[in-house]
Structures are given as structure tokens and as C-alpha cells.
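Common to both upcoming complexes is subunit A, partnered first by subunit B, then by subunit C.
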Partner chain A sequence: MEKSHFNFDTKEAISKPVHVGVVASGDLEVIFRPTNQETEVNVVTGSDGFKEVWGNVLKRFFDRYPIQANIEINDFGSTPGVVNLRLTQALEELKDEK
Partner chain B sequence: MKNSFVELHARELALSLLDAGTSRELVGPLDNMISPHLEPQGIVPESDDGIVLMKGKIEDKNVLIVSIEGKFQGGGIGEVSGAKIVAALEKALEDNQNGKTIYPILVLDTGGVRLQEANYGLLSISEIQNVVIALKKYVPVIGLIPGRVGSFGGMSITASILSYLITTNKARIGLNGPEVIEQEAGVREFDSSDKNLIWNTLGTKQRLATGLVDEVVDDTVDDIKEAVINEINAKKDAHRTENVDFYLSLLDQLDLNKKLDISSYDKLYQQVKTTKHEVADAVVGSEAGTKSRGRLWFEKLTGIKNAKSSVPTVLHAPKDGKEYIAIVPDAKNAFPRVRNGEVGLQEGFAVASVVNKIVAEDKNQTTKRPIILVVDVPSQAYGYQEELIGIHVALGSSAAAYAKARQAGHPVIAFIPGDAVAGGFLAHGLQSNRLIALDDTSITIQAMSKASAARITQRTIAELEEATKHVPAMAYDIDNYEKLGALYKLVKGIGSWDATDENVAKIKQIIDDAIQSTVNKPANLHFRYETPIAKESGRKATLQVRQLVTEQW
Partner chain C sequence: MATRSWTQNRDAKAAKLASISSILDGKFVKTENAKNLLESVINPGDKVVLEGDNQKQASFLSQTLPSVDPEKIHDLHMIMSSVSRPEHLDIFETGIAKKLDFSFAGPQSTRISQMIADGTMEVGDIHTYLELYARLYVDLIPNVVLVAADKVDREGNLYTGANTEETPVIVESAAFKDGIVIVQANEIVDKVPRVDIPGDWVDIVVPADEPYQLEPLFTRDPQNITELQILMGMMAIRGIYEKHNVQTVNHGVGFNTAAIELLLPTYGEQLGLKGKIVPNWEVNPTPTLIPAIESGWVQTIHSFGGEVGMENYIAHRPDIFFVGKDGTMRSNRAFGQMAGQYALDMFVGSTLQIDKYGNSSTVTNGRLSGFGGAPNMGSNPTGRRHSTPAWQSFRPDDDPLGKGEKLVVQMVETFGSNKKPVFVDHLDAEEVQKEAKLANVPIMIYSEDTTHIVTEEGIAYLYKTDSMAERQAAIEAVAGVTPVGLRSNPKQLADLRARGIVALPEDLGVRRSEAKRSLLAAQNMDDLVKWSDGLYNPPAKFRSWS
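Now for the complex of A and B:
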């Protein structure tokens, strides 16, 4: 297990907290919470040694969707593609009831 | 697979059962009630700890859905996950007691105890069983076992106690998984690589044919929802743990000289002639029985030398107005898997028979006789025929009997001079209002042997031992167990084998005090949450969960 922490300078506020996903093998859960602080991502992952990959996946996500949020990720060995998918799903949840 | 039920995750699955727009989740992922025990062991937690509690309506009926996420840590029950289930079911019980009908539905996709939180899992599971028994007086408690994982371990014991079980053909049900049996009893007992044998033995087709589940439906959301509605309306109850005479008769008629296979068991199951069985009180014997701490203390507490009984592994005798029960080893037992004192088929059903009889005799008495369990059970029995016949129902029968006795007002006190392990402890010990243990390093108190636990959690024994240093619930000794706060008393200065007259007198006094402490107290298992150790550290997360569930209910 490895924990990592990332900050991003993104400013688009989100309206409500959302949760998607399950900590299943090859999968992850993502929680977005509104914040007025700096955007923060805390990752707990079962696969050690991929901090750089996490950084890249998250940077690409925030480049496209500069939301301001406190994000928690519990991961059980998902690939970058799955990570991106869950993050995007969480965004869709946000839009759902807007 | 568009509308497959089995493929859904726990939350989707709960939502799919409820009428649209009626659902409300309790203690959900945003409440941040994660397990405090996983991260210290290097395991990624989940924000709902693998349990989804959802209130809502099905066809205008109030329901509570408890849905276990089988894909997170195999659906294992730990402290937080267990406390979520117990707390929600207890609120449902309260509502029903107050005339507000709410139907609980349990979706089981679980390997049983979460081995990384071992002793918390066992405690929680016994607490779930207790509240299920209480709920069944008001409403049917329907169980759904959709599959992939199925239902194993202590949660299968729980499943046997539920009113009615609906499954699909993608589920398996058993007490011990094939890997554990192979680990404990050898590959000749059960080959865990023989998938065909596993499905034919533990799959729902076989389970339906021999009364271990009640209905197998197609794996679609619509079919499952329809079955649930029908069975709630019909107030179905399989009374699965009440067929004690049937199973004791079946065991008498079993040919133990050859290995039991599926077709001969099916035939036997159909042909059993049920006769009334009564386990005779233990009497003085001419030769000493197989030596054990449990036997020693049973004999000393009851004053019966070389105690023997009609079921050699189950000793029961009245003494000074109290009913003593012990499960003991028997080196020559006809069932090889119980020779070291394990709780097997006969043990579970025989204990249930004894306890049910005591309860029936005292039905109209205002003061109910105390039942004292002498606990020295190294585990449940690991065997192929045990699984085929349904050992989880045997253990469920005795657990249910003890829970009913306690709920009827019998003080149920466990005295632990020996081991208290896994399913054996759930069947014989954990339904007690009070637990008393000797402070002896020889006592093992756990959910699974080190070898099996290491294999299942894919760790080495060294890694497992390292984990026990950080998480007391993982440890195997009584001193760490005390840290959970579940004990009424840990008796210092008396060793497991030191049953001197003076020490026996001391223990009798402690048992009497424990009985006294139950007078005018609720007949539930809350004592375990209320000890100073539990409040301060042992059950902190449990108490937090209970608080949150109450607030959000």
C-alpha cells in the first residue's frame, strides 16, 4: 500500500460531493468533495511505485476539467485508463442533477 | 447480461431492488466511516467498508436492505462493516417492536469473517445472528445470495438462521471454503482445484435439493425482485435451524465406513426416518475420556468423574440449579474430523437439542435456569461430508438455540478455559451474555489457524504475525483479546489445567457473579460495547457507527 498526495491550481467549484466505484481488484473508488481551499488529491493504492503515473493521469484530468475539489481515491490496482474513466464518471454524476 | 443481478455492485444491487425514488443510504461513503484496522496492515480501505445500508420501499412496504460488497476484500465482515449491519438491524427491530413494520433484506456475498480483523468479525457476526433471531419474531428476514462469492464462513451460519434464502445458480454456500479444508485436512479430504466437485457440492442446485436454500431464480433483477416480494408477502420461514431431530436421525443412518458422495447423500436425505433424539445427561464413567481443558473443567464444575454421555463429544449436566454444557474431544469418535474437540455436525445439532429442551422446560417459569458453556473448541470440523450435509446449519442450530435461550431470559454464560476458535466459538460461546476467560497463554482465540489465514489472505505467516502486533483483533492470545473489551472477566492466576478445588470454587463464584450481573439487564449482547475497555479503545469504531446509524435512521 502506498499513499500519495497531489495539489492542483484549479478553480471551477463543484456543487456537491459525489462517490463512484468500488475498491475491487483492478478497480478504485473516487470521492469528490466541494472545497474552497486548494484542490487536493489523496491517493491510497495497493500498487506501490506508481506515483509518477498517478501524477500524470491526474494532471491530464485537471487540464481538461479544472474543477476545484477535495478528492479521495482508494485504488486496488487499476490501470490509468480505468482511473480516468472513474474520474470522468464522477464528473458526470456532478452534472446529472445540475 | 444487461439486467444481471449478480454483476451489480452492492450499491447498485440495493437500488435495483427498491422502488425508484424511495431509497436513502445510511452511513454511506461520504460519512467517512472507514475501517481503522486495514491501513495499519497495508491494505487499501473502502469508504463504506464494503457494506451498503439502504432504507426504502418495495411496493409500499418499508424495507431495509443490507448489501455486502463481495468485490471488496471478499465481502469479509470486520468491525465497522459488522457494526453497520448490527446497528441497522437493531433499529429495524426497534421499529418493528414499536409497531412500525420494516422488512430487513440481507444480500450476502461474503467469505465470512474478514481475516484482517478476525476477532471483530466473529464478535460482529454473533451480534448479527442475535438480532436476526430477535427480528424473526416480527418479520421474515429474507436472505439473497446472488453469487460470485456466495456465502461462506460465519456468514453462512448467519444465512442458515435467516427465514428464507433466495439464490441464483452463480452462488455457492458452505462453512469452510475448499482451500481451507485442503489446508487443514489435506487434499484427499477436499481437492480445492477440482472446480466441478466444488460446484456440485456447494452450488445452489445441490443446496436446493437438500434443503439448504429455498429458491433458485434466474439471474435477472426482475426475477429476483419478484421472488423477494412474493416471499415477504407469504411470510416465508424455512425454520432451517429447527430440524435438529431430522439431522441427528440422518447422522445415525449415515454409513461412516465409506466416503459420502453426492448421490448417496441425496438418497439418504430423502429417506431419513426422523425419530425424537434426546441427549442424555452426562453420568460418571468407568474410564477417563479424551483429556482436554474443557473436559477437565466440566467434570470439576459438575462433580462428575469421567463424564460420559449418549453423544460422546457433548457433555451436559445440571448442577446447583445451573445447566453446564461442554463440547469435548473424543479420540475414537466415529466422525474423524471432530476427534480433537472440533465442533462438527453432531455437536452442533446435539447442543441445540440440549438447549432447546432446557428452554422448553422453563417456558412457563418466571426464573429461567442459567446455562453455563464450558468453552474449549479448537475450531469447527473441516471435512467434505460436513460441507455436503451442511455443517453451517449444525452450527447455526446451536447458535440460534443459545440466542433464543438468552432472549427468553436464561442467563447464558461462557467460561473459557481452553480454545475459542472460529465457527466453533460462534456455535458454542459467542451467543453468551457474559464471557469469562482464564488468563493462560495456552488459550487460542481466533477466526482461523495461522496457516489457513496466511493462505487465504495471501501473506506469509511472518507477515501475519507482524500484523498481529499492530491490530489486537488479529492476535491469537487472550491478552490481546481482552483489549477488544468483550470479556466480562479475565481471571488472573488460574491456569487452564489448574482445576484445584480452590480454583473451581473461585470460578463458581465468578460465574455466579456473572449470572447476577445479568439480572434486570437487557438480554442482548450490548454488554460487549459497554465495558470500560470497549468504550475507551476496543469498540470505539463500533460505537461511532452505532451513533451514526441512530442519527441517520
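Now for the complex of A and C:
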């Protein structure tokens, strides 16, 4: 079990909370919450030693989609591809509701 | 002037056959005399083809060969399309064999790599299947070929059925050049169901102690298809199959393409593509194609080999598959590879590594796996002269003598399941070349032949790039957080998207939220059996009784 915390300077506010995915082997859940504070991501993962990869995945995501949100991630050994899929699926849900 | 005999090879063959008359009954040699037979007809240094591809293996003869006396038989030059079984390599350790020319060494790739490094084995070269078959007729003409048949009649006529595969091309190379053709038979019958290889080409038949080894290599359980593979499949259908109007196709063996096969009847149908794309296939009879066949997407399939469990289904679908008068399928690996090279709009495959330039290889550290057929299908045949809409879609507008190109698509997740990056600066193959002292780096598909790369992030349309720098940028844009992908930046991505060189799912109208397993036409093996109306009979290891 490893916890990590990241901050990003992103400004596109989100309107509603969204929840995508489940904590299952090779999968993760992603929860986006609106915030007026600095964008913050808290990751809890079952696979230790991948903090740099998490940082890279999140930076790439926010580079492409600069939303302002408080994000909680609970992971059980997902590949970076699956993490990105859940993050972008959450984004799609936000757009649907607009 | 000294008279030269022009029939030395024929005379030598006749002498060899005469020398085994005591164990020969017509064309038949008893099972227990197999070792004696091989010791009598093989000479030291002979070129010997041992049949074995990634599915079918002449396993009785390959198990007999290591038992010969290395004092009598040694330094053989083995020619094998697939090095699959442990005894294929044992004979190099005992000195029975010395040199190897081959195509593929999947299951033995680690050991073969070590044996080359140790000098236990001398490698001629790594080939594609088609190259190796071609050389059997030019500079690797065999002295002896060892092949496998399902049924043999008293005259030596062979029935090789659904798994005819490479048997004809091997037998022909020996039969008409005074080589000796030795066949292991699963069964001796009065009359074969049909003649796949005429008895006239066959010298010796040995009944095998058990049926030849046959692997269900192309069976993919839909249960193991992931959402990422579904997402990539959706992008490929929209951004490649539909966009280029692809009619003729080969799919590799992976789960990525299995996902596409299972998306055609659902997602493809929603897009209104039925009847518009991929009616004609060169592919093994993969069970995951059953829903697409049953729902009318697929018109014809020619196959390199058979697939265990598909026999009865195929027998009942002769309009789709190539089936003999006897009602069973006929495959042909040489013709399949030929079709794969020249008659297809598109090849879709996968790989273990792609470098920053777009070269890909399945040869990774310490594993000299070889490539089988992928380089044939995954290359642009510059000798091609016929045109199709997909081929023509690559014709440059500004060149009056320009011509089309084959679509060569690599589909990969940016990270493998072992969390190792697929996109790398340097292929492991470069290191393997040095270790194994190969003439060239064992690249499976070259960048110059690769038209598209699909990852979970999007599609890189490499054929649209004007320079290597631009090609690298396009690869970086879809390479995720691999070391290669991290070089991409938002400005570059925006530019590549604007020019249609890179497409993300949203650019293709693909919704990531729809990438669910429920979108697959079959969720598991049981669903495939149901789609087949009970005609598909999955091998035991793919059955679940839950």
C-alpha cells in the first residue's frame, strides 16, 4: 500500500462530482470533485514504487485536459493505460452533464 | 572427354532406398524401425527439413531423430519453420545437428538464444515463412524431409486435412529433386478422404506411436479481452477500417484483433458498416470470428492452418471457408503467406516493442523468437500492381507515377501487463543481434512499412508524416507515459491533431465510456459455442464448467 499526493495548476472548473471504475484487480476507481482550491490528486495504490509513473500519467492528463478538481484515486495494480482510460471516462461523464 | 553422369542424385537416392529394403514393406516402415530408417537414409551434413510450424509438429519423427547414433549421423543442417519442441534443440547439443535455418522459435526462444551465444548452434538465418519456403527451391534444397500426415493409404497418398499447412510446399521441394520424403502417419487407411499430397511424391511412411502434436494457437477466450483492447478496437474500426474502406484483411493472433472481430457485429453494426468493410479474409479460423460470420459480415476466409475445435463448424460453412469435396477444410501456409503479402489491403498485428522511429520487434532481451509470417503481411509489397480503394487511398496526389500502399497497422497498449513500456528508445533486438552475431537487427516490421500505430491513447497516422522528426512526434503523442511518450508536449499534440496526423478517441467520435465488455458480441467461450449453433467444440483447456 502506498499513498501519494500531487498538485497541478489547472483552471477549467468542473460542475459536478463524478465517480468511475471500481477497485478490482488491475482496475481502479476515480472520483472527481469540484473545488475552488488548487487541483489536488490523492492516490492510494496497492502497487508500491510507481510514484514517478503516477506523476507522469497525471501530468499528461492535465496537459491535455486542464480541469480544476479534487481527485481521489483508489487503485489495485492498474496499468498506466487503464488509469488514463478511467480519468478520461470521468471527463466524458462531466461533458455529458453539461 | 570424361563422361559425366547427370543422374548422380537419382542414383544416390535409389541406392539409399535399396539399402533399407529389409525394413521396407512397399512404402511402409514399422514404427519400431524408425530409428534404423533415419540412420540409413540420412547422411552426415545433409540438409533436413523437419516439419513444424506454430500449430502442427511432426512430433514422432522429431522425437526419433535425437535417438540416432551421432557417430553415424552428425552435422546436419536443419531447416525448420518453427523450433517449438525441446528435442529440436537437443540434437544440436549431441552433435547430430550443427546448423539451423528457421523462421520462428516462440516456445524455445530463450534456449536458442543461449545456444547461439555458447556456440552450440550455428544459425544460418532467421526468415519469414515465405522466405524459408522459397529457399527450399533455390539454395536450401533438402536431402531429406520429415513431415506429418493424418491419414495415409497403401499407395502413400496423404490426407493432411485442415492442417495441411506447410506439408505440400516441403514435400514438393524434395520429391522433384531426388530428396527423400518420409511421412509419419496418425492412421493407415484403405482409402484417404481426399488426396492432399499424391502418393507418387512420398517415399516412406512410418505409422506414428501417437498423433502429431497440434496446438490451438489462435483461440482467444473473449473473457480475457480488456476495456482498453475494446477502446483500441473501436478506434481502429472508425479511424482505419472505415476511413480507408478496407475490404481484405489479415489479423494477428492477439486479443486486440479478437476484440475487433467481436466488435464488428455490435459496434460496426451501429456505425452502419455492415456490408461495407472487410468481407474477405486471410486468417486462421479463429473462433472469435464466429459471430461476425454468423451475422453476415464475413464472406470468405482462406487459412494458413486449421484450428482445433473449429473442424465441424467449418465443415458446415463451406461458403465461407476453403473445404474439400470430403467436407473438411484445406489450409495451405505457403499460399496463405502469398495471399497475405500480395492480396490484402491491410495487416493488423501487435508486438512487444516499438522504438522511437516506429520499428517493431518481438525479439526481446535474451529471447530470439523469430517472426513467422508477420513480416510478409506487415510489409508493403513493392511488386504489387493491382489496385483497391484502400491501396489507392495512399497514392500521393503530386506524383504522376505514384502508387498505393498496403495498410500495416500495429496495435499495442503503451505498457505491457508486466508494466514494462512497449515504446522504447532502442529495441532489445539491437542487443540480441550482437549476442547472437546476426547479420541484421531482427526487426519484425520496419518503420517505413508501418502506416498506423494504435494505442489506448489514439491513432498515429504515420503515413501522413513528411519527415522522421514528424514521425517520431506522432509516435510520442500516442506513446503514453513511456520514456518515448514523455517527450510529447501539448502544443505539438494540438498541431498533429489539427493536421490529422494524430487522432484521439474524441477526434474519431469514439466514446471511451462505451468501451465496455458488454459491447463484445461474445463474452466467453460459451457464447461462441452458442453463436456457432453448437458446431464449435472448444479444446478442453478453454472450457469452463462453472
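Operating definition for what follows: the second predicted complex is superposed on the first by the 98 of 98 C-alpha atoms of A that agree within 3 Å, B and C clash if a C-alpha of one lies under 4 Å from a C-alpha of the other, contacts with A are read in each partner's own complex, and residues count from 1 in each chain.
Here, a residue touches a chain if its C-beta (ideal position, glycine included) is under 8 Å from a C-beta of that chain, and two chains touch if they have at least 3 such contacts.
Just so it is clear, the structure is predicted and the values come from calculations on it, not from any experiment.
Visitor: After superposition on the shared chain, which partner residues are touched by A:M1: those of subunit B (first), subunit C (second), both, or neither?
Guide: In the superposition, A:M1 touches subunit B alone.
Visitor: Applying the touch criterion given at the start, work out whether A:E92 contacts subunit B, subunit C, both or neither, answering first, second, both or neither.
Guide: In the superposition, A:E92 contacts subunit C only.
Visitor: Would you check which partner chain A:F76 touches, where first means subunit B only, second means subunit C only, and both and neither mean what they say?
Guide: So A:F76 only meets subunit B here.
Visitor: For A:A13, decide between first (touching subunit B), second (touching subunit C), both and neither.
Guide: Neither partner.
Visitor: By the touch definition at the top of the document, which applies to A:G46: first (subunit B), second (subunit C), both, or neither?
Guide: So A:G46 only meets subunit B here.
Visitor: In the superposed arrangement, which partner chain does A:V57 touch: subunit B (first), subunit C (second), both, or neither?
Guide: second
Visitor: Please indicate which partner A:E29 is in contact with in the superposed arrangement: first for subunit B, second for subunit C, both, or neither.
Guide: first
Visitor: Could you give the residue numbers on subunit A that contact subunit B in one complex and subunit C in the other?
Guide: none
Visitor: Quick one: in the complex, what on subunit A touches subunit B?
Guide: 1, 17, 19, 22-25, 27, 29, 31, 33, 44-46, 72, 74-76
Visitor: Note which residues of subunit C are touching subunit A in the complex, please.
Guide: Per the stated touch rule, the residues are 226-228, 231, 413-417, 419, 455-457, 480-481, 485-486, 488-490, 493, 505, 511-513, 515.
Visitor: Note which residues of subunit B are touching subunit A in the complex, please.
Guide: Contacts found on subunit B: 9-10, 28-30, 39, 42-47, 69, 71-73.
Visitor: Going by the contact rule set out above, which residues of subunit A touch subunit C in the complex?
Guide: Of all residues in subunit A, those touching subunit C are 26, 50, 53, 56-57, 60, 63-64, 79-82, 84-85, 88-89, 92-93.
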